[in-house]
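Each chain carries a letter (A, B, C, D, E and F) given by its place in the written order, and its residues are counted from 1.
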Amino acid sequence: MYLHVQRLINDIEADEPDPAAANALQEGLGGQFGEMRTMMQYLFQSINFRGPKGKPYRDLLQGIGTEEISHVELIGTTIARLLDGSPRYNGKKSDPLDKPGAGGATPLESALDQGNIHHYLVAAQGALPVDSAGNPWSGSYVYNSGNLVLDLLYNLMLESTGRLQKCRIYEMTANKTARSTISYLIVRDQAHENAYARALETLGVNWASVLPIPKTNAEKFPEVKKLVDLGLQSKQYTFDLTASSEAGKIFQGMSPSKDGTELDATEQAPGGVPSVIAEERYEEFSPGLDTDLLALIQATADLEMAEMQPPLYAPVPATTASKRAG
Amino acid sequence: MYLHVQRLINDIEADEPDPAAANALQEGLGGQFGEMRTMMQYLFQSINFRGPKGKPYRDLLQGIGTEEISHVELIGTTIARLLDGSPRYNGKKSDPLDKPGAGGATPLESALDQGNIHHYLVAAQGALPVDSAGNPWSGSYVYNSGNLVLDLLYNLMLESTGRLQKCRIYEMTANKTARSTISYLIVRDQAHENAYARALETLGVNWASVLPIPKTNAEKFPEVKKLVDLGLQSKQYTFDLTASSEAGKIFQGMSPSKDGTELDATEQAPGGVPSVIAEERYEEFSPGLDTDLLALIQATADLEMAEMQPPLYAPVPATTASKRAG
Amino acid sequence: MYLHVQRLINDIEADEPDPAAANALQEGLGGQFGEMRTMMQYLFQSINFRGPKGKPYRDLLQGIGTEEISHVELIGTTIARLLDGSPRYNGKKSDPLDKPGAGGATPLESALDQGNIHHYLVAAQGALPVDSAGNPWSGSYVYNSGNLVLDLLYNLMLESTGRLQKCRIYEMTANKTARSTISYLIVRDQAHENAYARALETLGVNWASVLPIPKTNAEKFPEVKKLVDLGLQSKQYTFDLTASSEAGKIFQGMSPSKDGTELDATEQAPGGVPSVIAEERYEEFSPGLDTDLLALIQATADLEMAEMQPPLYAPVPATTASKRAG
Amino acid sequence: MYLHVQRLINDIEADEPDPAAANALQEGLGGQFGEMRTMMQYLFQSINFRGPKGKPYRDLLQGIGTEEISHVELIGTTIARLLDGSPRYNGKKSDPLDKPGAGGATPLESALDQGNIHHYLVAAQGALPVDSAGNPWSGSYVYNSGNLVLDLLYNLMLESTGRLQKCRIYEMTANKTARSTISYLIVRDQAHENAYARALETLGVNWASVLPIPKTNAEKFPEVKKLVDLGLQSKQYTFDLTASSEAGKIFQGMSPSKDGTELDATEQAPGGVPSVIAEERYEEFSPGLDTDLLALIQATADLEMAEMQPPLYAPVPATTASKRAG
Amino acid sequence: MYLHVQRLINDIEADEPDPAAANALQEGLGGQFGEMRTMMQYLFQSINFRGPKGKPYRDLLQGIGTEEISHVELIGTTIARLLDGSPRYNGKKSDPLDKPGAGGATPLESALDQGNIHHYLVAAQGALPVDSAGNPWSGSYVYNSGNLVLDLLYNLMLESTGRLQKCRIYEMTANKTARSTISYLIVRDQAHENAYARALETLGVNWASVLPIPKTNAEKFPEVKKLVDLGLQSKQYTFDLTASSEAGKIFQGMSPSKDGTELDATEQAPGGVPSVIAEERYEEFSPGLDTDLLALIQATADLEMAEMQPPLYAPVPATTASKRAG
Amino acid sequence: MYLHVQRLINDIEADEPDPAAANALQEGLGGQFGEMRTMMQYLFQSINFRGPKGKPYRDLLQGIGTEEISHVELIGTTIARLLDGSPRYNGKKSDPLDKPGAGGATPLESALDQGNIHHYLVAAQGALPVDSAGNPWSGSYVYNSGNLVLDLLYNLMLESTGRLQKCRIYEMTANKTARSTISYLIVRDQAHENAYARALETLGVNWASVLPIPKTNAEKFPEVKKLVDLGLQSKQYTFDLTASSEAGKIFQGMSPSKDGTELDATEQAPGGVPSVIAEERYEEFSPGLDTDLLALIQATADLEMAEMQPPLYAPVPATTASKRAG
């Protein structure tokens, strides 16, 4: 069972809208080696896992799989921000409703030669479950052979390919919104590479100096370097609410990336940042409410809610939380 | 950001393996109107949501979307259980490793005329991200127009179609494992129908007597009746860890299904049941470990874990929890 | 612009339901060489046609394309009839509503091992836009190179392949419902083979004795023989409402099939037979109306309609029509 | 059974070629919510319709479905016109054959950065059965649950989404050829929204002020306003040749769009305009005939046709027609 | 550049037709981890290879890729043989032409419940480029990241998964035709596993005891054991006509499978067996020639060919060949 | 069984990188009428061929199919060369490793508006198995009806469409690298048109003046003219290693293209040119080796290979070869 907290797993830096960068990031969301794929692959591998003795391996898969849902949320939100307002259409603030084509104007003209016209025509300047060439995500991507060694080997290759593609995306755009998320994912993909490589090490494999893949020197990617300096590539959160995860039995010891750091799986989750709801885009009829409907929405917003029952799961008391932050 | 708890959202009743029923359930998992679709659709609608004034609607989408992840987990696990052991292959317990084709035996022969041969050939008697006709799930299923009224209308239709198909699946099999999950999802789909119908009611729509769709009388489906008697079709959990959700501003008042119940969104999450790891299937080489590798796995399982840092989110103290259970 | 008449282009013989035959016929509806494909291909070739001098060729494409829409209607209806009632579920006539799973019954159990479970789970015992292996019809099937010789060559191959597959379907089932439509389409496909072969003859090609493809002797297919004896393989209707079609400039002279008949394009349309609306299937919740909704439907059915304005197109006066029938 | 008349359902205004606009319009032709989809969906819903008492609903579906075939023809022709001549290649008129690459020229160079290179490479500057991102149309789009309320709900959502996307396309281009067709379809989509909304009203639903979707004020789209002023959004033709349609029992009364108009289903079909065959494009080898083949084509064009037999269906006598035009 | 010799790479044992086994083998031909995939993947990796210093790695990919084309030929032929005659239709030998449905017979009736009806309806009892669930092979399967370590890692996983699936197919059928090819491919897949594992060993990786994957004991698969005893899992042919391949620099030393054998890449190609042309199947109209056409075919067969020019590549002189056979 | 020689079937002229041209060429590689399709179609037609009397036809298919593998290699290599270095990134030669994003640079920026971003993001500036609109190659393209006349007719249409599209590509770019390969393939496609047209002539068909399709006058395409002057459109190689092919019984006599040449099938294979391995692209991490791994690669390259066993197939002795070259 899953629960949600209204926070993004990492902060997204502000910058100009950039639909071309948004389209490149679609590969990281809906591409064959993107976050929707890792998320679904690990969830299926957890669900179908065989061998009660292998619980630490199952828990590792489950934990990384849960993180990937938050990555889908993060990269999806980043794409939406890069697209938001990209046609630079400005309706009158005083009377914003229902003016998109006023006087025959063409506020969405720029959509015709962007990376993916569907971002404007179908998705109202939002993220799509497709790759950067417009192919819809497919269930045929999910790999789950049931054979543990093979699944680990595949996952190592999958994370490395995801990281390789994100390194290439980094080199395609200097937009800060795009780079803040891409850099974070480059580092987290390395953490996951380390996780699967380490899992194979527990079965005897020795990786010598082939990891990480690709062999990049973080110093060349400044935004990445900052995160590596914090050791984020050697940490794996459990994302587990009741401390049942045994992933830490695998994710410990020296990093297979041979960067001198030690693997650490003792944290539950990163702190994250609050998530924000995007503004309306009148030229997209999104959300497309007129005065009547807005009044009804407002009435709903003004309602009191019934008193909540006590929660099953909750933030830990402040004293504990502050200890951690410190 | 998402967190996980190692519990299934609902119990799965035990019964004989039944690969034909498993295949029918695939429609509910990977079909065009199945749980992977609702999950992805609501996650995208939450991510791309526009209009800060509409927060209660966004939170409703977010909460249902989070529940759908747990439904993917539930129906996936159900399919895996229905498949598990379906070829009735029994290796020697004393020396179980590596004997699948011993003496030229054909332990997987029955796979040739099951619903989907991939359940044996590709997925090691586990669930697949495909529908009951074998089509892989596709990102092109996800609908997110950005227009709030349209998205709500689509979601109402989506939940109703999912429920319609599950009612048909109910009539295809009497297997208890299959029916326990299908019945639960029939009722939860109705809860989600109610949620979207109610959201449209806040915008003025009156549904008269067309809901629920399909118009079924739960008395005819005994397993469903039990859950309806508990009012499960009129409850919506927030699945929100920090009580930020405003979904309860919409999900209250009399049910649009006109069954005389009142909508209730005051609980965070159902209690669920512990999840269990499946047994090995030697004939599938899953997980496929021999004596050497098993010894290494055991060594990992015997390891101590480093001490965990204090969690960000945690079960509430026993006193509160017991109050709720009561 | 297109108009419709509530008649089927050919009669469908009554017989037992037969879901396996229905599934085989799906190839003729939604397969790569089925009626949806010919219909779409010729409509696109008509729309995109270049060269005003080639009007007779365009009109030939347009006329055959229009016929194919009626073939989609015919084979779709045939499939729906073959499926209708195939689970042999009989609700009480006195209280037919809402009893599908009454007492835990499994009225749709047989769906689990039919040709395509989607016929029951998705389509309520109706036709689907897929082929006999369950693949959805794809726009990538449509061929329209713009080069006239190539398009004619492709169309000749397309009709021949369609006819080849239908001959194979004929040999798969003795069901009379299935065979009555398959036999009709075998003969009409030959008429279309003749049309495209003849169009290439006007450009100089000589087919010697390679036509028709496949080389079958109608005497071996009794239902086909009856239609061939009526000369249906050598007739092409214009399906044109204002007698503007010049297809008859091509479709005349001796048949390229070398069967001694002469091609004839002087008729507008066959007479057809009235179409009938199928009965409800309660176990499918189709149409799924309860007493309240049925009463409302009835109220609609009882309404008077406003007086129609004079039609633009209409059946010809009885005197002319009788002349033709004679 | 279907018949054709060599007229387009609406006029297409002349303007410059515009391949970018042509590509945007592909969404309206081959997109998930385009005309091929509505056409196929309603044809399947008509074929598979259950419940003889529901004939007015079936006839409504059948009539709109027939109109959609003409919309496919209209938007396909519009796309072809927008593409025609877009590379601005001008062969010598005196000797036009076979000069595309003369002297090594690159007349199709501009194809390399247009919306969809297939318009030039595959389709000879003609329309394709794909969407604006190049995805082929898929049979998996067709929705036909068999449940009447659900099918009507889906169709309402489908027409609204189609209209939403066309409003967005309107804002992407000021090309008159594109806008004349897009505006016509925006208005016709609203008529179909009204049809399905009204059908649900007969079952008791009350739409309050949520329709039409999207909520646009036609005054902002001048070309749309002209058509709305003519009341085209409140008219539904039967497209039925023998006055058997009972759709008018549903499509009457005040419009669910609450624009003060009354629904009217008393006309058979609009008048339309004559269709025209496009010119040859030598750089595409389309139709690709040389002097020899052209002479043979001419010989065919010069042939007399055999005398036609009396038609089954025909334009009504002039006196009646003039009455209507008045 | 490629050349062909009219020999199959391995012998196919004779047995009864078995369409269910044929369908299972389709996974090995057109599945995501089948021979079409390995073939295409290695050809693309060879074509796009970067780094002149890495020639031994490129040559290894090229050699294995070439072998995979012969595997496509082998498994395709095996499937065709398993299907051939499976409906057991026996036309009169004296007058075999054109009698498939004679007297209304249904010689293809059994096609309705076979693994894939397309084997009869589309492919004339021949192999198809699809997997065992009927999904067409897709170019999206091909993996070629350009990163050498990743490509090798993927290829190792690919071969292991192919071998895993073939071990499962082995357990699905005892048909000798099926097993002779499956066993051969199990052993050759292991040879390719060894090749990629060894290539990674040259970069420092140590596989300990995880190989081969799956860990099977050949003694349990008697047909496999025979080939393993011949050392076929430790041999890699160059398939190179001019002895330019440097693959032998990698494929040497002790096997990574730790079975005590030494890798050997000193042979060019196996001897193979002559290929045979299948018999006609009248019920499939394949090849569908009547008396006239057969006479023309015969005339062609009787023709003399012009004298061949000296070949560029040719079998080596008998003396050398015999030395090798010894 | 297939063998390979490390030579390209035709020379590729050097010119500037040109990613737009590369993308157009993808249609010729992975498009519905490209080389992967012809290759797979003819291989399947050879494997599934029925009718031992038809051996010359089978051998014709086999020979052309084998040539198509070399065409895949040729056009794939051409695309890779057109892409190679197109972002014009120049790392420091002295320390080329690991500097792609040095100082925050964006060396792959240009990828954002190229024909297919996957060329940079997925394929490391290499060829992809997709068409020019980015659709992955599909097994559903392969046509193999089993009916000989139909298969020949389809193949004739297929080669003609391939040639038509390549003529259009020729007109899209003046890049010499692109044109050298496109021109060669235009001529070879005509040779294959001739082959299938001639095969149908042996069955009695007379093509009059419709061939070749499209009707182009080679003089307008200078690079094509050179090859036509060499008679390359009237030659078909056997690509057969043991002179078993009987294709020459069909491929002889006057060309069906009516260009006055005589068909000639007496050669085994063209001479070709040596193939070359591409340079590293650091910005793509391809092959992505650092100093450590490069040292290991070098160690492998320095190894001696074990002595090769005598080859089964080999280049013919120098004397014969020189005779041919002369």
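The criterion applied here is as follows: a contact is a pair of C-beta atoms (placed from the backbone, for glycine too) under 8 Å apart; a residue touches a chain by one contact, two chains touch by 3 or more.
Predicted model, so just to flag it, every value in this text is computed and none were measured.
Common neighbours of chain D and chain F under the contact definition above: A, C. Averaging Cα atoms per chain gives one point for each, and the point farthest from that of chain A is the centre of C. Two copies of one sequence, chain B and chain C, touch each other mainly through non-matching residues, since under half of the numbers at the interface are common to both. One inter-chain figure worth recording: chain C and chain D are separated by 22 Å, centre to centre, where each centre is the mean of the chain's CA atoms. Inter-chain centre distance (chain B to chain F, centres taken as mean C-alpha positions): 49 Å. For the pair chain C and chain E, the distance between mean C-alpha positions equals 41 Å.
Residues of chain E in contact with two or more other chains: 32, 122, 130, 134-136, 138, 140, 145, 147, 149-150, 164, 203-204, 209-210, 213-214, 284-285, 288-289, 292-293.
In summary, the structure contains touching chain pairs A-B, A-D, A-E, A-F, B-C, B-D, B-E, C-D, C-E, C-F, D-F, E-F. Partner chain E is touched in their complex by these residues of chain B: 98-109, 111-113, 116-118, 120-122, 130, 134, 136, 283-285, 288-290, 292-293.
The residues of chain D lying in touch with chain C in their complex are 1-9, 30, 36, 40, 43-44, 47-58, 62-63, 66, 69-70, 72-73, 76-77, 80, 122-130, 136-140, 142, 144-150, 202-204, 238-246, 248-250, 252, 264-272, 277-281, 284-289, 292-294, 296-301, 303-316, 320-321, 323-324.
Touching chain A in their complex are the following residues of chain E: 32, 135, 138, 140, 145, 147, 149-150, 153-154, 156-157, 160-161, 164, 200, 203-210, 213-214.
Of all the residues in chain C, the ones that touch chain E in their complex are 20-21, 23-24, 27, 31-32, 115, 131-135, 164-165, 167-174, 209-210, 213-217, 220-222.
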